[in-house]
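What follows is a set of structures for review.
There are two complexes below, and they share subunit A, which is joined by subunit B in the first and by subunit C in the second.
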Partner chain A sequence: MKGKSSHHALLWLLPLVTGVLFLAIWALVKMAWAFPKFFLPFPWEVAAAGWEEREQLLRAAASTMSAAVIGFLGAATAGGAIAIVLASSRWMRVAFYPHVLIVQMFPIVVLAPLFVLWFRAGIHSVSAITFAIGFFPVVANATQGLISTDRNMVDLFHSAGASFLQEFILLRIPHALPYYLTGLRISASLAMIGAITGELFAGSAAGGTGGLGFMVIVYHSQLRTAEVLATGFVACLCGFVFVGTVTALNHFTLRRWHESIERTDV
Partner chain B sequence: MDAPHREAVAAPWQDASVAFQTDWYAQPEHGGFYQALERGFYAEEGLSVTILPGGPRALVLQRVGMGQVPLALWRSDDVTVAVSRDVPLWCLAGIYQRSAQALMFHAAHPVTSAEDLQGRVVMAGAASVWVQLIERRHGIEIRRTPLTFSIAQFLEDPLLVQQCMLTSEPFLAEQAGAAVGTLMLDELGSEPYHAIVANREWLAAHPGMAAAFVRASIRGWKDYLEGDPSPAFAAIARLNPLHGEASMSFSRQATIDNRLVTGNRPGERIGALDRSRLEAQARMLFELGIAERRVGADELIAPGFPPGNR
Partner chain C sequence: MHGRNGRMGQPSDAWNFRQGAVARLRARGLSRCVRSLRMPAPPSSVVFHEVSKRFDYGPLVLERITLEVTPGAFVSFVGPSGCGKSTLLRMTCALSPVSAGRLDVDGRAPARKGNQLAFIFQEATLLPWLTVRGNIELPLRIRGMAPRERHAISEEMLRLVRLERVAARHPRQLSGGMKMRVSVARALAQSPRLLLLDEPFGALDEMTRHHLNEELADMHRQRGWTALFVTHSVAEAVFLSDRIIVMSANPGRIHADIPISFSGDRTLETRDTDEFHHTVAEVSRILRSVDSSA
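Up next is the complex of A and B:
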């Protein structure tokens, strides 16, 4: 059917067209105001700068991604563990949830330099900062999932004589999986931001390039604004790869376990 | 006695207000400027000056380059790199003939040459051009850790080398009981001026105001170093509670003893900019791949500046 293939083509064509339009507006604004290169470069100057610096940027991206992965995995495991503790009883939630919120609210720009003071600079501090930024979505979503199990199913388990542990492991945790994975998706989208923010405070260049956040500071100091923007786009790309991986994990896991729960009509 | 912040005298320019962006929070290393402000030297030249403190994320050269602020205090090596990228800046006068930037180390583990830095962990600002310059010039690799603007980590780690201002951190470290030594960066080949920098368009439109600002600033520095610095100290303490009498007096004395502002080589004096020195630095920055091209002294020193220069 002709309709289906043209529909498919539009999925690629439309964003491409709007993208080109956006780049054209960028170039026109630059020309209209005659902004110098160090204030606002042309889009192709950004691309050229990114290409020139590709070696540096790839090494920096690898460094940032490593910290992001470590921080994210920490958030995924510790966040899940905290959620299980919180979900185990109402009194646990009353006792601990306010403190979880306090940690979440504590400004990262205050926490980050403190991490550097206590743990020294380096990938461990950057990962710790990434963790601090990314753990809350996991905790919040996973806890919600664990406590919002279908009442009917809970009653069924109780009437069948299931123990607390059996109910938790066989019912609550599988039910909470989609919620947990949603939390992971949100946390993944914050992981790159977290790692780059961490690098602004704790990025060290011991023998290497020190990550994308570090490169931003160096480029700014040399007024290489095209390079700064190129670094931003590289970070963007890394972010997409990161979230894409977690989303793929999401689909894979849900397909195997939750055909019945995952709704297909939305 | 002069009253501080006197009204600007009648002058040939319509709008007497000038903003001057410094390179850090208010500190005794900016003493001469605050002295000029407090003692009314700028007002006597017909200028109404506002001193804007800088900070760790203030993109000073970008702001001057875009004309958001007409004048600033900044290092001439960074200005050279900027000018090589066609940022419209001029140097008007060299306030610090010798940069106070140094490396501080524990006396038990001294650093006397660039080779001593190989493999050592150095706390240095990510934005510092001098790290790249020294690494490339001497073919060494510095293990850089970020500047935390405190000496807490330095005090704990006897092997750490910390970027510092000669006039500041060593005093704090000794107060905390550490025996320290310093190595000036200019002994490693980094010899920038700390200069008054201007936006080119602004300078072209206000050459008289620029010259007046430079004259009054130099006068303020002379007064700060040779006379009674208490007006400057009072202004700085008001703006930055971190500074007390002891730290400010130490800073001023260190500046005098090391002839940082007045210079210790023939031909140096407050405000001077030596063409061959700037060109040598520009050549080094280009050869080391830090500056985009070789910048000549004529592209760095504004025509007619510093007042009295040949």
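Up next is the complex of A and C:
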């Protein structure tokens, strides 16, 4: 029991210690080379800048999160639907999978101005860019899950006289769920990056505050490096919340039956 | 053999089992389930007539297999790896087409839809996201049976394989032997006329295997389906079967057709009899002659 609690404490303490160590090295480097504040601020200057700009940053984070959530949900829905179409037959995959790859390979710097042109600057374009970045991992993982069902299980369904639809609903979709959720986790980690990247191209302060990407442009143009870094940490925090939510969903959905979720009561 | 009377005019085990199940289901007002249990379909007959099998343009896997399996028989197939034993089963349930010859199940070519057979695979093949009960009910769900009727049948099956206490568990919480019993229960829930078993106990330890052998023999005695059983264990085949088909490989052919008959029911004690040991030795000798001639 004692060993278990000390192990638990270590899980929290170790990252905390390494984090403090990292901040100390950062401060030492700044002092050793006497970098100016616009080049590299002290960690506490970043914290102070974040606190001073908290209202602006919170509003920006809410705006970025909204775009990230819309883009992510679009990627999750459309990615799942496209995977079902692709997995429905080999010929579908032959016909459409290369085009899915082309969309993924298309440089985002080319797509972004087009999205701004089509949807105008603001949340629509940012969400579209987030979608474009996040939908491929969902499609690739879910398709893999749908087509890699155990041969004996498929035979079981065939010998029981199951229809194509029954096989899909009762076997292939539940089997693909862990793969799909892995795709969602990757997509979630890309969603915040996608939204901030989108805001660099299509961010807008119209109707209030722009998102975190827009704030980065503003702060950077004024050489307020501490504020830029503070914005980065807020984005990190949002990313953790985002990925944490999807990981919790993954755990909740698979906890009873999937090997990836460790259980101690078995 | 499958009627009301067993030996010496006493009610047979199959009759007693059905009567008990009928009484329980009737008490719960499940008339459709009662009808299916009171009037069980007779076991299937299977006829292989000059059946050959070739995959695409590859070599012959099976050559001119001719075999007649009578209703209610328990027939085991033994032979070296690659002799086409599993392919025979897959053809019987239309999972793989016949290349030449004729294969009839109850006088008709095998079909996936509308058949009354069940397949038990080498691995338990349980869906990990379903509970034990959900797995047993799966084929009934595929057939569109109402939840209440499915539930009643799964309860009967859980009782039959003595897994009532773990009905709500998921497969990963079960031992290998329990998983295989769920697999057997799932197959029997379909009230099959023909049961196909492809090395179902191959991955289990010897004690569990012996217990499951005895349970399977008991269930066969109670329910009377026809069984085609593939195994690598001669002792298992002798214990369970009315007849053992010894096959040779490259291509798969029938090398010997050995009738097995023991006096009395098959129990764990059967394995200790001289008759059993003698039969195992005889079948093993024939199997060795296949290996040495290959």
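In this section, the second predicted complex is superposed on the first by the 255 of 266 C-alpha atoms of A that agree within 3 Å, B and C clash if a C-alpha of one lies under 4 Å from a C-alpha of the other, contacts with A are read in each partner's own complex, and residues count from 1 in each chain.
Keep in mind that, in the parts below, contacts are C-beta pairs under 8 Å (C-beta built on N, C-alpha and C of every residue); 3 or more make two chains touch, one makes a residue touch a chain.
Please read all numbers here as calculations on a predicted model, not as lab measurements.
Asker: Give one of first, second, both or neither to describe whether A:A68 is in contact with subunit B, with subunit C, with both, or with none.
Answerer: neither
Asker: For A:N152, select first, second, both or neither according to whether it touches subunit B, subunit C, the two together, or no partner.
Answerer: A:N152 contacts subunit C only, not subunit B.
Asker: For A:C238, decide between first (touching subunit B), second (touching subunit C), both and neither.
Answerer: neither
Asker: Check whether A:G203 is in contact with subunit B, with subunit C, with both or with neither, and answer first, second, both or neither.
Answerer: first
Asker: For A:A162, is the partner it touches subunit B (first), subunit C (second), both, or none of the two (neither)?
Answerer: second
Asker: Answer with first, second, both or neither: which of subunit B and subunit C does A:R120 touch in the superposed model?
Answerer: First partner only.
Asker: Can you tell me whether subunit B or subunit C touches more residues on subunit A?
Answerer: Answer, by number of touched residues of subunit A: B.
Asker: Mind listing the subunit B positions that touch subunit A in their complex?
Answerer: The contact residues of subunit B facing subunit A are 59, 61-62, 65-66, 78, 81-82, 85-88, 121, 126-129, 141, 143-146, 148, 150, 152-153, 290.
Asker: Okay, in this complex, where on subunit A does subunit B touch?
Answerer: The contact residues of subunit A facing subunit B are 36-39, 113, 116-117, 120-122, 201-207, 210, 214, 217-218, 220-225.
Asker: Residue numbers of subunit A touching subunit C in their complex, please.
Answerer: 150, 152-153, 155-162, 166, 170-171, 174, 177, 256-259, 266
Asker: Over in the complex, which subunit C residues touch subunit A? Could you list them?
Answerer: Against subunit A, the touching part of subunit C is residues 90, 93-95, 112-115, 117-119, 121-123, 125, 127-129, 138-139, 141-143, 170-173, 190, 196.
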